[in-house]
Amino acid sequence: MSSNPSHTLSFHDLKRHNNDRDCWIAVHSKIYDITNYLDSHPGGSSIILRYAGSDATAAYDEIHAPGIIEEALPPECYRGLLDQAEVVNLPPEQKEDMETIEKTTGQSTSTETYTKPELFKLISTQDFVDVARNTLTPKAWAFYSSAATDLVTHHWNSDVYRRIMLRPRVMRNVAKAETRRSILGCPSSAPFFISPAAMARLAHPDGELALARGCASEGLIQVISNNASYPLASVIQAGCTNQPFFFQLYVNAERAKTTQLLHKARELGVKAIFVTVDAHVPGKREADERIAAENVSSAISGAVASNDRKGGGMGRLMGQYIDKTLSWDDIPWIQQTSRLPVVVKGIQSAADAKRAVEYGVQGIVLSNHGGRSLDTAQPSMLTLLELHRICPEIFHRCEVYVDGGVTRGTDILKALSLGATAVGIGRPFLYSLCYGQEGVEHLSQILKDELETSMRLAGITDVGQAGPGLVNTRDVDYLVPGSEEHDWIRWRPKAKM
Amino acid sequence: MSSNPSHTLSFHDLKRHNNDRDCWIAVHSKIYDITNYLDSHPGGSSIILRYAGSDATAAYDEIHAPGIIEEALPPECYRGLLDQAEVVNLPPEQKEDMETIEKTTGQSTSTETYTKPELFKLISTQDFVDVARNTLTPKAWAFYSSAATDLVTHHWNSDVYRRIMLRPRVMRNVAKAETRRSILGCPSSAPFFISPAAMARLAHPDGELALARGCASEGLIQVISNNASYPLASVIQAGCTNQPFFFQLYVNAERAKTTQLLHKARELGVKAIFVTVDAHVPGKREADERIAAENVSSAISGAVASNDRKGGGMGRLMGQYIDKTLSWDDIPWIQQTSRLPVVVKGIQSAADAKRAVEYGVQGIVLSNHGGRSLDTAQPSMLTLLELHRICPEIFHRCEVYVDGGVTRGTDILKALSLGATAVGIGRPFLYSLCYGQEGVEHLSQILKDELETSMRLAGITDVGQAGPGLVNTRDVDYLVPGSEEHDWIRWRPKAKM
Amino acid sequence: MSSNPSHTLSFHDLKRHNNDRDCWIAVHSKIYDITNYLDSHPGGSSIILRYAGSDATAAYDEIHAPGIIEEALPPECYRGLLDQAEVVNLPPEQKEDMETIEKTTGQSTSTETYTKPELFKLISTQDFVDVARNTLTPKAWAFYSSAATDLVTHHWNSDVYRRIMLRPRVMRNVAKAETRRSILGCPSSAPFFISPAAMARLAHPDGELALARGCASEGLIQVISNNASYPLASVIQAGCTNQPFFFQLYVNAERAKTTQLLHKARELGVKAIFVTVDAHVPGKREADERIAAENVSSAISGAVASNDRKGGGMGRLMGQYIDKTLSWDDIPWIQQTSRLPVVVKGIQSAADAKRAVEYGVQGIVLSNHGGRSLDTAQPSMLTLLELHRICPEIFHRCEVYVDGGVTRGTDILKALSLGATAVGIGRPFLYSLCYGQEGVEHLSQILKDELETSMRLAGITDVGQAGPGLVNTRDVDYLVPGSEEHDWIRWRPKAKM
Amino acid sequence: MSSNPSHTLSFHDLKRHNNDRDCWIAVHSKIYDITNYLDSHPGGSSIILRYAGSDATAAYDEIHAPGIIEEALPPECYRGLLDQAEVVNLPPEQKEDMETIEKTTGQSTSTETYTKPELFKLISTQDFVDVARNTLTPKAWAFYSSAATDLVTHHWNSDVYRRIMLRPRVMRNVAKAETRRSILGCPSSAPFFISPAAMARLAHPDGELALARGCASEGLIQVISNNASYPLASVIQAGCTNQPFFFQLYVNAERAKTTQLLHKARELGVKAIFVTVDAHVPGKREADERIAAENVSSAISGAVASNDRKGGGMGRLMGQYIDKTLSWDDIPWIQQTSRLPVVVKGIQSAADAKRAVEYGVQGIVLSNHGGRSLDTAQPSMLTLLELHRICPEIFHRCEVYVDGGVTRGTDILKALSLGATAVGIGRPFLYSLCYGQEGVEHLSQILKDELETSMRLAGITDVGQAGPGLVNTRDVDYLVPGSEEHDWIRWRPKAKM
C-alpha cells in the first residue's frame, strides 16, 4: 500500500488491521496506520484500540480538533481514502454495530425534554452548571464534573468560601470599583484567570478557541491546558494581537517531548508556564470510571474486562504519559528550557510553598486540582490561611493564586482579601462553553459584576484595597495547621519491630 | 395638545408616544407625558418604558398609591383623558395584549387550591410567612422574600439566634412582665419597631397606611421606608395624634431632593432619621432577578435582552437613584438639614460602630439589610457580640438596635440581653399585611405575648433587667472577631510586583 | 330544683343553663350545676364552657377518672339524672351536633390502617414513641409530644446525650452489674424514676394507676403529677404496701389549696415533694395550640375566636391556677407545711443550683420541662456540666437529678458518670401506657437491660462506680458556661438614656 | 434405638423428640439426639429448639460447614437415617410447614428485580456494600451490617476518617509506591488484614475458605474468627503453604475449652492470638434483634414470646458462651497456654492501652467492634489520637492496629500516618464474599490500588514514610481527651447519702 492520498480502500481492507500489532483507523474518510503511534497517544492505547480496524470519526471528533491527527502523525502513516460508497452500502448488521459504538461513547438519551434556556436568562455560575448537566453528553459531564472518590475535597473547596464571612465597611465613597489586576506583569480586566482544563471540545466544537476569543473580548487571561483539544498554536491564533496566554504543562516521561513543547510555547509568545504537580498519577474519579466501565462492558466480554482493575476513565487515560519522577530539582531545567516565568500549580502545604520560593518560581497556585486528585486533601483556601500562619513572607516573594470552588464574586473578594493575587476558575468556564464564545463572555461579565457589587458593598474601590480586615475567618481558623508538623503530637520516629 | 382635563384622547393617540424620547402613559384614564420625568423615576426609566404608549394602570396600582403620580409630576405633563369607549372597543388581539402585560406583572395562578386561614388561627411569625408565600403574587413574594445570591447571610441571621441558649432563672416573682421601652425618647409598648420595608402595597392596597394604623392601636413605632408605596404625609396621617414615626432615608444622588425630603419629614413631625448605608448599590437578589428576567423574556426579544446582564429585578430598579458616594462626612449635613436625631442603619463591624459614635449619631442599627445586600456578610447578632468584645463602651454612647432574622419573643429577649435597646422586624410585618391592619395587630400581639412569656420563664419582670447572664452564647463565641483585624495573621501590606 | 338523686331532668332543662352565669353539665347521666366552680377548675373555665348546657361525658372521660368530679364538687351542686330515654330520642340534627363535639375532642381517623404491634416486639424506647404516634388521639399525641415553639431545646436535650462519648474500660470482671440505687433514701431497682407527667388517662383508661402498678412490680419510683387524671389517693392505693412515691407540686395561686394538698400528700405516705419551678407560666406548645385552635374554629364563630390570641391548648389551660409569684422565700413554707424532703424541679443554671442548696433542699432536678417551657433554654445535661465547672461542691450537698431526652441505657450511664443520682423519664412512660401496666413494665425492663449491658461493656459492676473517666464530653465542653456571667464580656450596667 | 448408621427412622419417630428434655434433629438425612448438647451450643439452645423434632438442614447449612456437626457431637448421639421416601410423601400441610420455617429463616423475596453486577464493574468498597445489601438474605444482611442501638459509633468510625485532612507533598519522585508491611513479623503485601468476622458462610458457601484462598493469592493475612462457619483446620488448609494466619479468641466461660482451642491453634501453625475484649456481653444490635423477633413471632405464640425481653438476634445467641469474668490477670494464662504472640482487640482508651503494654502483649487493636458493642463509644481513630496525646510511648512498645470504618486507601494512609502498623477491615470482606474468592481478591486489589495512588499523590514511596505531617487532624483534635480523667472537672468521690 502507498500513502497516495487518492488511493481508495474498502471497509473490508480497513477491518483486517484491527489489533495492537497492526492497527488502522479511519478518521474523516482518511485511513491511517497508527500501529507505531499507539504507545505515544496521550490518551493511552486502549482507547484507540477500541476503534482498531474501523471508522473512529465520531469518537475522534468528540475530543480532537480537525487537524490534530495530521500534526501528530508522520505522513507515511497515511494509507488512503475510505471508499464512501461502501460505507453507505454496509450490510444492516454492520451499520447497527457502528451506531452501538456511537451510543457507548456516551450520547445522552434523557435530555429530550430539557429546553436549554436563552443565555441572557443565566444569572449565576450555578445556572451554567445546571445547563451543562442537562446538555452535555454523560461522558463529557462525567469527565468535567467528577472529582476524586467521595468528592470530599471537592465539596470542602467551596464550603470554606461559604464559611468565611465578610465584614463590610460602610459610608465610603464607592463611585468607582476598579477590578483590573496585573498577573505576572500581564494586564487582566479582573483578578481571575481561566484555569487550564482539558478537552474543551467535549462541550463545544470550538473548544479552547472559544475560550481564547472570549478572553480577548473580556480582557482575561487563559491558561491553556497541555491536554487541550486544539493545538496550542490554533488556540493562540484564535485570540487577538498581544493577548497574553499562559501555558499549563504536564512534564512528559519522555523529557524530549517536554523540551520541544516548551520551545514551541515560547515561540508562540506564551507569557508563563504553569507546571501542574498535583496530578502526576491520576486521581480516582469514580463517575468518570463508571462511564468507562459501562462502555467496556458493552464492547467486550466480562472475562477480558475483569483483568482491568485500575479503571479506564478519561482522566486515567489522559494521564498516562505524565512523569511520576518529577521533583523539585527539575524546576531549573523547566526555567532554563522555557526561559519564561514558572508557576507551580498544585501546592497544598506551607512546606511546599516555601520550597517553591526557594527554587525561584514567580508564582504558586494553591490547588488540589479541583478535588480531582487526592480526596480529603485539605481545601485550597485552608492552605492560603496556612501560609499566613506559617510563612506569611511568601506573599512578598511570589504571586499566590488559588483555585477550586470559586463560583461567586464574594469568593474572589475573599481570596484577594487573604492575599491572593488572583483566583483560577476552571469548570465554570468549561460549562459556559455550552454557549460557545458568548457563554464565556456572559459568565465573565456575571463574575465581574458580582465582584464589583461585592467590592462596593464591602466599602472598597480597588481590588488592591482588599485585606484581611474585610473577612472573618473564625469559622475555619481552627482547621488551619499551626506548624508544618502537628504541634501537639509528641511524635518520635518509630523503631523497627 | 393642551392640559385641559376634559380633553379626550384616543388609544391610537397614546400609542404613538411609545419611546424614550416621547413617552406617554395612561394611569386611571388620565394621560401624562412623562418624557422629562423618565430619568427621575426612583424605580428607573426602563420599568416605565415597558408601558410607553399604553395603559399602565395595573402595574401602577400594584406599587403606587393613587395620588402619588400627581404629586410627582408638574401639572403641565397632563395631556387629557383616555377615551374609555375606545378601550372597550379594542380589537380582540389588542385586548389580549393587555392581558399579557397584566400576567407578566406577576399574577399568581397556582394559588387556586390554597385556602387562606382565618387570622385567629395564625399563632407564630412562621404562619404569616406561609400565608404570604401562598397568597402574594410571585413578583411580590420574590421581592419581599429574596435575599442576596445564595441566601447565606439570610439564613445565618436567624441561625445565630437559634444557637444562642437561654439560661432561665427560676423562683422569682414574675407576676408582672413589663415590655415597654423608650426608643430614642419615644414610648413603645415593646422593644421592637417595624423596620423600613419598601412597597408595602404589593401585599395589601392599604400598604404602609395599614402599618401605621396597626402601630397606632398597638403602641409601636414604624420606620417609614423611603420607597414606601404611599406618600410620607399620607402614612403619617393614617396614624393617630402624637404617634411617633421614624423615617428611613436613602441619600439621593441629587442631594437637593434629599434636602427637600428631610425638610418635609421634619415638618410632618417625624422623630428621627434612619440613614440606610448598606444598600448604596443593590445586592444581587436572584429570585427577584429571575422574575424580572421572565417578564423581560415574554415582553421583548432575546436579542435585545441579551445586552442587559445586570438584571432588572425590583430591588435593582428601585435603588438606581441612591448616592454611591455617600460617606461619613455627609453625616453632619444630614444632621443639620433634618435637625433630627440620626441613626445609621447597616453597621456591620465594630470599626464602623465606633466611627458612627464619633460622628455623634443617636443610634446605630446593626444590620445587613436582612441578607439582601452582600451575601456572606456576618450575621447582625455576631456584630452585636463583636461590639462587646471590641468596643463595649458603645452601649453607653448611643442606642444600639439589631435587625434581621427575628421571628420569636426569645429572639427579642436575646438581643436585649446582649445590650440592644430594641430590634427591628421587617419582612414579617410585610407578610402580616396579607390581613391588612388586623394582621399587623395580630402579629404584634403574638410577638408581645411570646416576649412576655419568655421574660417570665427567664425570671425577669422588666425588659430593663435583661443582661448577658441570661444567655449562653458559647456556641457562637468562637465566631466573634477579636479585633478589628485578624489577631493571628501577621499581615503586611503587599509590595507591588 | 332539688339535689334528690332520683330527680329526672330533660335534655331541654339542661340546655337552658348554657352560659358562664348559669352553667350546668351532664357527666355519666348526672347533671351538675358548676357555675360557682368554673373559676376553680384547674383546666380553666373556657374548656368547660364549651360543654355548658350539654352532655360532657366524652370529654370528661378522656381526661378525668370516674370519681374525681364528686370529689371536687360539694353535694349541693348535684341537680338530678338526665332522662336517658330522651337522649335516645334526640332529633337527628342534635345528635349530629354531639358527634361533632366528640370529633372535635380529637378522635383520630387516620389510624385505621395501622396495626399496633405485639408488645414483645418492641425493643427500644423509640418503638414506644412510634406506637404512641400511631395510636393516641391527635389531641393526646399533641399534648404529650409537643414542646415549646420551635422544639429547639427539646431536640438539644437528646442531642447532648448523643454527643457525649463513652470511654469503655475492658477486661474487668463484669459478671455482676448492679443497677440498684437509693433515691432520697428510698430503694429503687434502677437509677431512674418516672417523671411527673399530667393526664396519663389520655393514653390509657388506667392512667396513673397503671404507672403505679408497673412501678410496684418493677421496683421503681413514680413521681405523681399534680395534674394526674386520678386522685392522689387512688394512685397510691394502686401500688403495693410500702411502695415509695414522690409527689410533684405546682404551687396554687390560692395558697390554702396547696397547704391542703401537702397535708394530704403527707398523710398518704408520700416520701418527697418535687416543686416544679420552670412552668409557672405555660410554655407555647404550638402543636397543642393548633389542635385547640382547630376545635375552637369548628365550635364557634371566627369573630368570637379572634379575640383569643394567647391560645387554648391543654398545656395553657391546665396551668392557669399556678402561682406566678412563687419565689425562693416560699421554700421554707413548703418544707414546713409538708414536713417532707423537698426537691426543686426545673433548675437551669449553676446560680440557681447554689441558691437551692442554700435553702436546704434535699435534691434538685436539672430540667427544662422536657423542652416544653422556654424554647432555646440550654439542655439539661449542659447544666449538669455547668455545675461541675462552676460549683462542683453541689454534688456533696444534695442529690442531683436530670431529666429530658433520656431514651437509652447509655444516656442513663452518662448522666450517672457526671454525678447525677438518677434520671427522670417522662414521655416514654406515658407512651408505654398504650399497653397499660404491661407496657410500663416492658419499657422498664428494656431500659434496665440496656443499662446493665452498657455498664458491663463500659467495665463497671455497680452504678456507684460510674465517674467522669467513663465519658468524653469534649464535643460539648465548649458550650458550657465558664461562670455565672459571661467571662469574656466586659459588661457594665447600662445607663438610662 | 441404636447408632447403627443404616438404621432408618420415620419422620413420625423424629417428631416425637421435640422438646428440651428430649431433642432430636435431622441434618442432611442423619438424625441426632442433641439433648445433652443443647447447653453447649455456642449459638445457644433456643435457636436449636426451634427445630426440635424436625429437619434442620436448611437452617444448619446457612451457617455451618458440612462436617462441623460430626466434629462437635460424640458418635453415640447418632440415631439413624431419616426415611427419605417419607419426606417426599409428607401430607401437604406438613410440607407447607417446612416451607414456612425456611421462609422465617430469612429468605429475601424483594431481590427479584435486582441484577447483581459483574465483578469487574465494582470499583469501590461501597459498591460491595450495595451488592451485599441487595443479594444477601435479610437475616445475613442484618447480622453483618447491624451495629449497636442507634449506630452512632458505627457512623462516627467512618466520619473521623473523613474529617481528617491530607496534606500532600508534591514534586517528590514517586515512581515507586511500596505497600508491603511486616505485621507481627509476618509479611503482608499491604498494611491491612482481614478482621475476624463470624459466620462467613451466610454470604457464600465457601465462607472463610474463600477468605483464606483470597489472602493466599493476594498475600494478605486473615484473622480467623472464633465463630467461623468452618473448623479452624479447614480454613488453614484452604490457604497455601506457609501462609500466615492469626486466630481471634473469645475466652469461653468453660476455660478448658479455650485451653483446648489454643493448643489446637498453635498446632495448626497460627502465628498470633487476637483476644477480643470488647464483646464479653453482646451489644444490642437492633436490626439483628428485629429479624429474630419476626421469626419468633411467626413460629411461636405471643404469650410465650413476651417473656423474652433480652432479644434473640444472632449476635446475642452466639455470644452466650463468652466469659464475662475475663480480666487482665488472664493474659499471662493465654500467653502461656498458646505460647504465641498475644494481641488485645477492643482497646478504647489510653488507660487500657498502657495496661495492655504492662501485661506484655505484642499488639493492640484500637476497636469498638465496628460499633457493634457499646453505642456512643468513641470512634477508634479518636483513641489513636488519644494515645498520641496521653501515652505516645505506646507506639514503641507494641504494634498498634485500628479497625472500624475503613473503606478507602486514604483511610489506611491516615491511620498509618498516625502510627498504626496496619488497619483491620472486616465487613467489606464479608460483603466481597458475594463473589466468593474472586470478590475477596478484587476488593483487595481495589484497596491496594487506592492506597498506592494515595501514597504517590501524597508524596511518599513507602508506607514507612507515612507520618503525622501528612495529616491535618484539626477538625477532630478538640474531641481528643487530654488526660485519663477530664482535666477541667474538679471531681471528688461522692459521699454516701
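Some points to look at:
By written order: A, B, C and D. Residues from 1 in each chain.
Here is the rule we go by: contacts are C-beta pairs under 8 Å (C-beta built on N, C-alpha and C of every residue); 3 or more make two chains touch, one makes a residue touch a chain.
Quick caveat: nothing in here was measured; it's all calculated off a predicted structure.
Two copies of one sequence, chain B and chain C, touch each other mainly through non-matching residues, since under half of the numbers at the interface are common to both.
Its C-alpha atoms fitted onto chain B, chain A is found rotated by 90°, rounded in steps of 5.
Chain B and chain C have centres, each the mean of its CA atoms, that are 45 Å apart. Chain A and chain C have CA centres that are 63 Å apart.
Shared interface positions of chain B, defined as residues touching 2 or more other chains, are 478.
Those residues of chain D lying in contact with chain A across their complex are 118-121, 123-124, 161-162, 164-175, 182, 185, 388-389, 392, 395-396, 399, 408, 410, 414, 419, 421, 442, 445-446, 449-450, 453-454, 456-458, 467-469, 471-475, 477-478.
Chain C meets chain B in the complex at residues 149-150, 152, 156, 277-278, 280-284, 286, 289-290, 293, 296-297, 302, 305-306, 308-311, 324-328, 330-331, 344, 346-349, 351-352, 355, 368, 373-378, 382, 478-481, 484-486, 488-495, 497.
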